[in-house]
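Listed after this line are the structures, all set down as structure tokens.
In the two assemblies presented below, subunit A is common to both, partnered first by subunit B and then by subunit C.
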Partner chain A sequence: MSKFKVCMLGAFAVGKTSLVQRYVHSIFSEKYQTTLGVKIDQKSLHLGDKTLEMILWDLAGEDEFINVRDSYLRGSSGGVLVADGTRAETLDIAFQLRDRLFAEVGQVPLILVINKSDLRDQWTIDTAQFEQLREDGWQVLETSARDDSNVEAAFRALATRLLAMNSS
Partner chain B sequence: MKDNGHEDNHDFEELRRLLMGSELQQIEQLRERLESPESFSSEVGEILPQAMLKSSQHGAELSEAMVPTVEEIVRLSIKKDINKFADALFPVIGPAIRKAIKETIRQMLQSLNRTLEQSLSWQGFKWRLESFRTGIPFAQIALLHGLVYQVEQVFLIHRETGLLLTHLGRDDVNNQNPDLVSSMLSAINDFVGDSFEVEANRTLDSIEVGEISIWIEPGPDAILAVAIRGEAPNSLRTTMQQTLEQVQTELGEVLAGFMGDTLPFEDRQDLLDECMQAQYQSGSKGISARIILTILLLLLLPIYWVASELQRSWQQQEYVDRLGALPGYVITGAMERDGVLVVHGLRDPLSSLPDSIGEQSLLTGEVEHRFEPYQSLLPEFVEQRARKILAPPEGVVLKFERGHLVIEGVADLSWRERLNATLPQIAGIESVDDSTLKTRFTTAMLKPPSGVSITLEDGLVYVEGAADQDWINSLAMVRQQYSEISAIDTRALVNLTEVALVSKIAELEKQVVFFDVATSFDFDSIDAPKLSALAKNIIDLANKLSRNVLIGVRGYSDSVGSFEDNVFLSVERADYVVQALFNAGIDPRYIAIKGLESPVKAETSETEKRFNRRVGFEVIVE
Partner chain C sequence: MIFKAGYPETVVDKILQVTLQSNNFAYFAIDDQGQLLNHGGELSSLGMPAWKPGQVILDDALFLSGYLPMSRDYEYIESWETNAGNIIDVHLFDDQDQTWIILVDKTSDREWESSARQSGNELRLLKQRMQQSTDFVPDGEPHTQFDFFESLNMMALVANEDGSFARLEPVSDRFRSIYPESTETSQSLYPQRKFPFVENFLVDAREIWKDAGNPRRIRSGPWIEDDRGSEVALEAIALNWKGNNLLFLEVLDEGYHLNQSFLQIGREGVLMNQVLEKEVRKQTLEIRAREEEIALRLVCAADSRDDGETGSHIRRLGLYSELIAKHLGWNDADAEEIRIAAPMHDIGKIGIPDHILKKPGQLTESEFDIMKLHPEIGARILSNSDSPLVQMARDICLGHHEKWDGSGYPYGLAGEKIPISARIVAIVDVFDALIHRRVYKDEMPTDKAILLMQEGRGLHFDPELLDLFVKLKEQMTEIAFDYSNPIGDDLNEAASIFNDIHLLRPKV
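The block that comes next holds the complex of A and B.
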């Protein structure tokens, strides 16, 4: 069995914790995010004949008051970049966090999740740029933690990439 | 010349080729090998180990020659990346440090051992047996028995990712998801490192919450964390280091290339077994401490009971001895009845109460005293008793020495009378000297009869009323007895004895005894008892008054017959009455007889004659 440390990265209130809570096994309270800046959950996935464990480091959202600790990024095998479709600026923050992750652990598999698709009519983010990102090799998924839309798919997509990286 | 020279060289070369042949080709090959760094280094590399081996067999010259170079290599390596050097030394440094620490601890334990050897106890004896059986130093055994702990979980964590490599946990402990716990531990470690500017490559040593401690031991690629309940010995830290070294040695390559595959580690849980330690105060071997404690209690209870009884007996005896030593106490017996010490004996009421003994004594139980009163003859008690009974008034001093009581001073007559009455009742007084004790005078001391009043004024005693001669005589004695009496004035005192004497004399002198004619005597006509009683009263009263008395008995006759006959007859008649008085016991000294001088009355008739034939009485007092 393979285990991977996966960081949930994104701006404040983009829905990282809500996405994680959908399927994960958790023993820790969310209060850890306010005290330690991280809450750790676990997600097991079966892909074909392989099983993998994703240890999800749900980091406190990056904002003007809270900075993601670089030490928490150390040792990550992959990450989920989360942006809020209703707040376009959160995509920029996601990319900033991506850069910090790469600086800490190198090029690791990532997926980009644009959350809150249930509020699509309120989105301010330019969806046209998603195509460009996909062409650049990014895997971009539109998710809704509230509707449970694409959440499982997002984690499975990342898991696939992690396994691919591990076997290469 | 130039052409000739060229031809000479050619010839010379031809000659050398003919002479050396194949050797020349070999020399050329050797030159090429020496001049080519690649081939030369390759060949040197092949023979260098053997050459170094040979050199070391012949001496230390090569090693000495290499020292500066090796030192420089080490220095450059550390300067370049200290972590690599540290990682390389990791398997070596651990055992070296442990060896040094072990030696230090051994010396410390030896010191502790010597100290403990001086202490003797059942537990110590038991531990010594265990030390003898196991070969472990006594102090270490004592140390181990003092600790109680249990390792509940062991985590082997990949240092870089915080991912759990493998885990061991006790079945009887509720183990939370170890993957999440290990990652959270890594997060906490990172959090502390970030928050407090901890030196690079340092990790938390331990986390302690209540009874739970988490000890963390870092290695180059992995972290070992153990969750402990209780107080674990430092030897566990050593075990963790050894385990980590073992992991690093056996799985170092896998750890270095770890990409998330935990399978190689999951099969090696055995590496963590050593860390799953537990130490209990009472082992499962042998008799449990509870049973031993119970047996000890069962043994101790009768011992305690016997000891308590002995102690109580000793305390009771000590109490009785103390009580018996008190003055005024005689102990005749002591016994315990229903938990109460009953003491029998005699007690002088003047002795102190036994309460003070109870305060001084160690006796804690209840005591009942059954004392009969008695009088102690100890001098202090005799004196105390005499003072209490006699209650000497102010002015009286009692001195008691060896059974002899001396009483001095001045006391009232009443106290003195009481003294005389009570002295015989005071036991222990063998003799009394009250010769210097004076009696204070009071009028009551005169004991005046009724009708007499006495007043005392400035030493002069005034006596009024009437009293007999006896009492008046006592006044004189009292006056002599008390110096404070200057005089006794009895001018207003009537002497009843004198009055009685006068009265009796008058009564006797009225008495007359008549006779018939001639010598006819009729004794029946004499009232002898009355006459003698009067005579006796008069004599007694006169004697009391210290007066001389003489009772004259005068005889008379009528004028019939001669004068001489009549004188004789009158004397005879008086003598006749005197004889009657004598017969009644009157002392003849007080009696005088007188005869006729002349008839008492002139005779003109028989009646006058009869009147004159008589005996009369006359009393003379001087």
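The block that comes next holds the complex of A and C.
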């Protein structure tokens, strides 16, 4: 079984931990609980006749208080960039972290997740730029950890890319 | 194995120092004569002198005056300023035959005091255990004569050459549940297999261990593991001590939760600020939209006396001007201001009599002299305002008939003496008038209008602004097209009401 280290990257309070909790443990908490440090979870999944295990590194969000240590990114096979649709600036932070990930491990498969689709009426993010990102080859998914919307699909989309990379 | 029976005292001192430094504590122990017995941590970083064991230090530690000999088990001296100007908090612990003193820096608060107190107690317990333990009891485990690491919530490991680790202590209750595999053997443990985080950290640790002479230690930062359904925070520390590659796994407990609480409070504050800022921005936009609507309605009503002006004309003027401003690099707020201010350019016509303003034929010279008063009338209407928007509107009113070569009115200003907002409006006002039909003339094709205007480059119009305007021709035409019909029944309604009132006015 292939194992892949996957980093959850994004600004603070975008829902990285909630996405992992929803995906791995099928739970969601309304209360915002900030992550200090790193929480590692594992999830096995089947794609066709292949099974893989994702080691999900849920890293503390980047902000003025905390910097993601580059050493945590070491050995990553892929990443989930998470932005909060209600906070447009979190998309920039996600892309900054993408650059740091690429600097550490080279170009690895990524997906971009715009979380909190249950609050779509409060989104400030410009969804028009998603089309451009998709044209540039990005896989962009709108998710809600609260509603369990697209969460599994997001991780499976990344898994598909990881397997494709592994077999190429 | 390096430690078969209890740690040498130097090891204990080293470990104590690591622990104390990492928590920003320092300590020293004195006897009842004030003679220094021992010390640890960075005393110098807290502004204390460089003492040596055996030295009587009471003269340097004046803050102890009156406290020794101690009458209670614990005393606390808050916010003492050292000779070096550092502010420290001091905790004194009576240890029967000697006194332990813990120093904490001024950044402390109640939680830190609690933490310091706890650390002080732990040190006391540790020392008591050191004194009480006189015999080594072989039990098949590598064993110290006191539960040093257990008291610090740590597991101490030394790296073997084959990549495994040997445990230096019996497994504490805490690690028994977090790391059950560690109970199976003391010699060949692989914490990196149990904890992927440690596997990652060992890459950095090996760099430290490579250099036997390097006294540096590194910390992994916290990571979180599951412990019987609840989360526990751990941190790994690697250091090289006299050629031994040591790895410590530490349960962080209170310190971690305290930091997490601070971070949570800080981040919730940031989030709250973001929400408030968003709300303020939203309300500002709403207020600005209302202001714009009021301005447009009033301007439209005033201009309605002039048959040539329409609601759509004044809207277009604002939009053309905003487009130019943005391409000049103005910020959004300023560009928005000219969009609202530009429509007020002819507000002074309210003071021009009907028989001149509405005269179908050409004006006589004296009539034109009166007509030329409208910029100043408008400027007077808009004067003495603190609002940047109204100030800009005043500049536009006063300057939109000035010409680049100084041949305009009312003051014959030339070049950059004419405010840029007025120079912009001068261009777009003429452009819009040329390409739209009025009762006294047909509309002109855009290209022809622009060619005509270019004849006024450097004469009537600011040459650079005119060049920019020409570059934006397509977008200007789009605006002209999008707002070509008498849009906004609301505005026209306002205009017609004003007209009705005006017609009822007795003619003088």
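The rule we apply is simple: the second predicted complex is superposed on the first by the 156 of 168 C-alpha atoms of A that agree within 3 Å, B and C clash if a C-alpha of one lies under 4 Å from a C-alpha of the other, contacts with A are read in each partner's own complex, and residues count from 1 in each chain.
Simple rule for what comes next: a contact is a pair of C-beta atoms (placed from the backbone, for glycine too) under 8 Å apart; a residue touches a chain by one contact, two chains touch by 3 or more.
Just so it is clear, the model here is predicted, and its values are computed rather than measured.
Could you tell me if A:12 is touching subunit B, subunit C, both of them or neither one (first, second, both, neither)?
A:12 sits against subunit C, while subunit B stays out of touch.
Which partner chains sit in contact with A:4 here, subunit B, subunit C, both or neither? Use first/second/both/neither.
first
Answer with first, second, both or neither: which of subunit B and subunit C does A:166 touch in the superposed model?
first
After superposition on the shared chain, which partner residues are touched by A:36: those of subunit B (first), subunit C (second), both, or neither?
both
Contacts for A:55 in the overlay, against subunit B (first) and subunit C (second): which applies, first, second, both or neither?
Both partners, subunit B and subunit C.
Contacts for A:71 in the overlay, against subunit B (first) and subunit C (second): which applies, first, second, both or neither?
In the superposed model, A:71 contacts both subunit B and subunit C.
Can you list the residues of subunit A that touch subunit B in one structure and subunit C in the other?
Subunit A residues touching both partners: 5, 32, 36-38, 40, 55, 69, 71-72, 74-75.
So in the complex, which bits of subunit A are touching subunit C?
Spelled out, the residues of subunit A in touch with subunit C are 5, 12-13, 32-40, 55, 61, 63-66, 69, 71-72, 74-75, 87, 124.
Along subunit A, where are the residues that touch subunit B in the complex?
Interface residues on the subunit A side: 1-5, 25-28, 32, 36-38, 40-42, 52-53, 55, 57, 69, 71-72, 74-77, 162, 166.
Can you tell me which positions in subunit C touch subunit A when the two form their complex?
Residue list for subunit C touching subunit A: 195-197, 200-201, 203-204, 221-224, 231, 233, 235, 256, 259-260, 263-264, 266-268, 270-271, 274, 278.
Under the stated contact criterion, what part of subunit B meets subunit A in this complex?
Within the complex, subunit B contacts subunit A at residues 158, 160-164, 176-177, 179-181, 183-184, 186-188, 190-191, 193-194, 259-263, 266.
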